[in-house]
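Going in written order, the chains are labelled A, B, C, D and E, and every chain counts its residues from 1.
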Amino acid sequence: MSMVFIVTALVFWIVTWAINNALAKRRFKDRTVQAGVDILIPVLFGAALLVLWEGICRGFSVPTVLLPPPSMIWARITSSLDILWADFQQTYMKAVLAGFVMGCGSGFIAAIIVDRIPFLRKGLLPIGNLVAALPIVGMAPIMVMWFGFDWPSKAAVVVIMTFFPMLVNTVAGLGATGHIERDLMHTYASNYWQTLIKLRLPAAMPFIFNALKINSTLALIGAIVAEFFGTPIVGMGFRISTEVGRMNVDMVWAEIFVAALAGSLSYGLLALLERAVTFWHPSYRSK
Amino acid sequence: ADKLTLQLKWVTQAQFAGYYVAKDKGFYEEAGLDIEIKAGGPDIAPPQVIAGGGADVIIDWMPSALASREKGVPLVNIAQPFKRSGMMLTCRKDTGIKSPDDFPGKTLGVWFFGNEYPFLSWMSQLGLATDGSDGGVTVLKQGFNVDPILQKQADCVSTMTYNEYWQIIDAGLSEDDLVTFKYENAGVATLEDGLYVLEEDLADPAMVDKLARFVQASMKGWRYAEENPDEAADIVLENDDTGAQTEEHQRRMMREVAKLTAGTDGRLSEDDYNRTVATLLAGGSDPVISGPPQNAWTSVVTDKMM
Amino acid sequence: MPMSIKREGFAAILHDRLIPIGTVLLAIFALWYVFTVVLNAPFERDQAERAGVEISTSELISKTMAQKRPILPAPHQVAVEIWETTVEKKITSKRSLIYHTWVTLSSTLLGFALGTGLGILLAVGIVHSKVLDKSLMPWIITSQTIPILAIAPMVIVVLNAIGISGLLPKAIISMYLSFFPVAVGMVKGLRSPEVMHLDLMRTYNANRSQVFWKLRWPASVPFLFTSMKVAVAISLVGAIVGELPTGASAGLGARLLSGSYYGQTIQIWSALIAAAVLAALLVMVIDLIGRSVTRRMGVVA
Amino acid sequence: MAENTVIQCNNLDLTFETNDGPVHALKGIDLTIDQGEFVSFIGPSGCGKTTLLRVIADLEKPTGGDIQVNGMSPEEARMKRAYGYVFQAAALYPWRTIGGNISLPLEVMGIPKSEREALIKKNLELVNLDGFEKKFPWQLSGGMQQRASIARSLSFDPDMLLMDEPFGALDEIVRDYLNEQLLELWAKTKKTVVFVTHSIPEAVFLSTKIVVMSPRPGRIHEIIDCDLGDNRTLDIRETPRFIEIAHQVREGLKLGHADEH
Amino acid sequence: MAENTVIQCNNLDLTFETNDGPVHALKGIDLTIDQGEFVSFIGPSGCGKTTLLRVIADLEKPTGGDIQVNGMSPEEARMKRAYGYVFQAAALYPWRTIGGNISLPLEVMGIPKSEREALIKKNLELVNLDGFEKKFPWQLSGGMQQRASIARSLSFDPDMLLMDEPFGALDEIVRDYLNEQLLELWAKTKKTVVFVTHSIPEAVFLSTKIVVMSPRPGRIHEIIDCDLGDNRTLDIRETPRFIEIAHQVREGLKLGHADEH
């Protein structure tokens, strides 16, 4: 009886794997077809994962307070859209976006200052490198203490988390221009700002986008974790920590789904933007 | 010896002194038991732990346990070492709060994670909205400490008589600066820190026997702790892995906890149970539990005690 | 030659590292003191007001740096706390910071080892199999958008339910975070050999495993160490967050939490500093190993 | 196919499929190379020199016509390790010493350690690099690296050397020196050499036969015999015969370029 | 200093301080270049050709001796935008179109948009690239990129062109073509050109004066006048006078190499 679920799931897995295998090996002449197939393959893979999950939950009758099956999570998502939306607004639209913009912005400005002053570059950069590697989430309780319960304290955590990756990457990017390119500007007797705007910033773009992409996932995680240390009674982190205690684990997964969706979409958006801005980079060039 | 695992509701502190004392003093051993005590924490949900098989017995508050029961974790109360509730709402006097009538428009700190039910019941009995709408109160998810009241981010915070209240005092506010509302006095007290097991375990007589010995030895631990509060506090300290607890605080906590556990042999009084259920059902439009629970407690274990 | 280089090297280190870094650190400390006064002053004023006494500015300043539960402890308060909890306590004592650091370190290292292993394995699969490449990569990115840190407590409970307990659950959270940079870095690394180098192997009619062991693997070593540096730091984050939910157990995370629980800001900060130092040391160790390996492999530093 | 024919192409065709349409890289190539010849491919950039060499080496599959190497398909020849390939850049593995690099093909081919050592030594001597076995590539000059790369391609003693602009990155003086050494080596071992270059003097100086190619699509424009005899020295470059052949090659190249329009 | 002297070096010296000791890159350089000359620096790799050119361009400061450009210090000359510099690689910015790249120095120099457009158009025509204004660098062949780079260095009409192996990366045919074009441009504009190369035929074909350098430390070994007259065509390379000068340069190079030991 319960084995039926597991066997079905495994069969589904094997079938999708076989389909993917066939799809991946073929090259399609038509570009749009190829693009569609490139999306279809991971989607099928994801579907196989979900079916396997469902099968295991049902097959082994896993208690739903431990791990609810995807179908139950989906039902919860569709029935709690209003709560999910309110939480999303609180955590993402307020804390994450504000923190992301401020953190990346100040990291960028700091990078330019650091770049202008070699002494700071020597002194601040090793420290920045170190801080970028620190368990910043540990700052969350302190931020709540300093900036209060509402979203500003979460935004502050996001600012700290995103600041250093941006600083470090931008400084690296500004240093990434070739000697010849810089000498060229020198032969034009170009001043610091002209060189910065016309040469070094464009050349640093791949690095800056690298930081933006890293930060897009860091920011969401930071904001959610910070909500564990005190919030008003709305927000994705609040909901996650509260609903676990209420044994509504399906709601927890609904929030995780929203987080993963928001994170993947922001990442994808930034990747598209990157492609548009650094179209000239060898990795994107179409001849 | 028979093995049992006990999942605490919170970190190692004098709130659970009875169990640590029973283990340390060999009461469990005498009863032929080998008890493993698992400390809890802010994000450990004991019902989830027991549903996953991580514990045989958990300590939980009854509102949370009954709510979990409705969510499909068939918890049954087998004993109730805490007779009285230690929950309070502590407010700064300078906010002008004198009685619950002054709550509207104020910001109140509340523990969530299944600990919010007593508060929500109380507010709905007072007819105060908690969703931020007009005429209601503003609710904050209070973190692990009492900072919100110290930093004036909240007008009132939730406290336990034996713990957070004293943290406020330690932080420099005096008793005169504070106004306190005990849930007991407001008539909305619910049962705290009961022992719960899964319903199916009770079908096994050997298990019931084991549990009976466990409850009895634990109560012996509580008696000992009540009589020797300082020694009990020291035992707790020894068992604290974080090394963060202070002797002063634990000794004081032990004395306060003793007031709550005094005068019970672990049996759940049916009146207390009914009062708790009534409070929870009184919750207006959004009651904590949807109907009177069936078989949510049993005396089979305590009846077997000698 | 080594002798003369050492001298020159030291002067260079002095001017390029010690002096600038020292100055910046000093500036940070100075700022820290300023913030200590600013942030802690309102409480002192409040106290004085309630007690109905006037306090002078100098009194105020000295008091802000000696509070028991400051909003921001002064650096010397943290230093004293660290001294007391490291040097003056036995390492085995539960009040010793070194003991807690060790607890965190052990799950960090286990998680880091698992994560590195998993990352390498995934990368090898992705580089050698087209299906894996196409189906796995998007999900690997998505996996990192799941706020694992937020559900760490639940993960630990669920893992406990299937019989995984002790060090392993924390290590698994570390692993979940740390496999990502390794997988991404190693995919890059294993694909880094130039076409020419790959063609060369083809002219020798080398098989897949020969291409892997003689070309792809050695070519990816610098990438491996770069991503391991990121991974080890993030493993530490994972271990710390994995310790948060069980506030009563040992480790730096538990220390942070219990500090927060009891409003012991000094304890929070000393745990934070310990975590920072540990992170720095771990990254440095990996860096050193990486350098010596790549040097042995003949790649110029 | 004659007894001593090593490479035989008939009407060879190769078209690359790319994102923006097919690129016709080789068209109707007919070519015969005999044992012991030194053949150079010369032509403007993009005319298919590298592609043709890669087809011979079985690094690229032709899309039409046929080709035989040592009387078998290029793939079989590759499996039999019929040739050594030298790339434009030395393409030494930076994590291996010079000795280790030369040892690489030997390891892949499963030659035991004891024999490997002797072979490494012998081939290092052959290219005048004795004593550099333990050095890493970056510790050597560009010319020395290129010699090490040649030693690597010789180490398993293939009958044929395929060289794709091996000296393109070096300066004139070093290049002259290596040209002389290569010629000497060729005279000594009598291996067949197929050599890609875009330097006219280099082609004329080294080859017994020069294949002039022209682009879009890549074809053989002209095959010029280069009868300067054995025992050539650098001075030969100022002889009238040399200048004449060079002129012929240059004219061929220009005409080939003109074809394009 | 004569009226029409553009560059004047006296006993110029340059030593680089590196981790493993000083590198003596230029030693005792005496050199005079007059208005309208086409001077080539030739010499083996590492002899200091690039360094000398960079000193003239104020991209490197000499450690001894003195140098004047247009009668002032190189720095002042640079500030006055006295020269256009062409690097070995085209060094076009990939995020700018060809037009945008040519516009770059004009923007830096604050020339208004309206004028810029006319200048871009004019210079693109000068190097035969009309119609490619909107293309990105990687969409052009190497030769076209190099021409765009020359157009860029000409766009602000400097009196002097400094070129560091501008055609080093190109194949012979394209190189020949660009050599002819450069010569034509030089004849038309009468700019002073200082040109680094390591190809002997290129140096002889283009220059009015060839500076042969020798390495370690970088010195001027010999200065050879190259009196092949104006209106040179590629055929000139087969004339006896050309071959003679080429031979002279080659001998100079060899001797310079020999100095080293």
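FYI, contacts are C-beta pairs under 8 Å (C-beta built on N, C-alpha and C of every residue); 3 or more make two chains touch, one makes a residue touch a chain.
Source: prediction; values computed, not measured.
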Message = Keeping to the contact definition above, tell me which chains border both subunit B and subunit C.
response = A
Query = Which of the two pairs, C-D or A-B, is linked by more C-beta contacts?
reply = A-B
Task = Would you mind pulling out the distance in Å between where the CA atoms of subunit A average out and where those of subunit B do?
result = 39
Query = Once you find the CA centre of subunit A and the CA centre of subunit D, what distance in Å lies between them?
reply = 50
Note = Taking each chain's mean CA coordinate, subunit A and subunit C are separated, in whole Å, by 19
Task = Spell out, as numbers or ranges, the residues of subunit E touching 2 or more other chains.
result = none
Key: Junction residues of subunit C - those touching two or more other chains   = 71, 153-154, 157-158, 161, 244, 260
Ask   = Which residues does subunit B have that touch at least 2 chains other than itself?
value = 42-43, 45, 48, 51-52, 143-144, 147, 151
Subunit D - residues contacting subunit E, complex = 44-46, 142, 171-174, 198-200, 238, 243, 247, 253-254, 257
Ask   = If you look only at subunit B, which of its residues touch subunit C in the complex?
value = 8, 10-12, 39-45, 48-49, 51-54, 143-147, 150-151, 167, 170-172, 177, 240-246, 249
Remark   = subunit C contacts subunit D in the complex at 194, 196-197, 199-206, 210, 214-215, 218-219, 221, 297-300
Of subunit E, residues touching subunit A in the complex = 54, 57-59, 78-79, 81, 83-85, 87, 89, 91, 93-95, 104-105, 107-109, 136, 138-139
Key: subunit C to subunit B touching residues, read off their complex   = 43, 47, 50, 68-69, 71, 93-96, 99-100, 152-154, 157-158, 160-162, 165, 244-250, 254-255, 257-264, 267
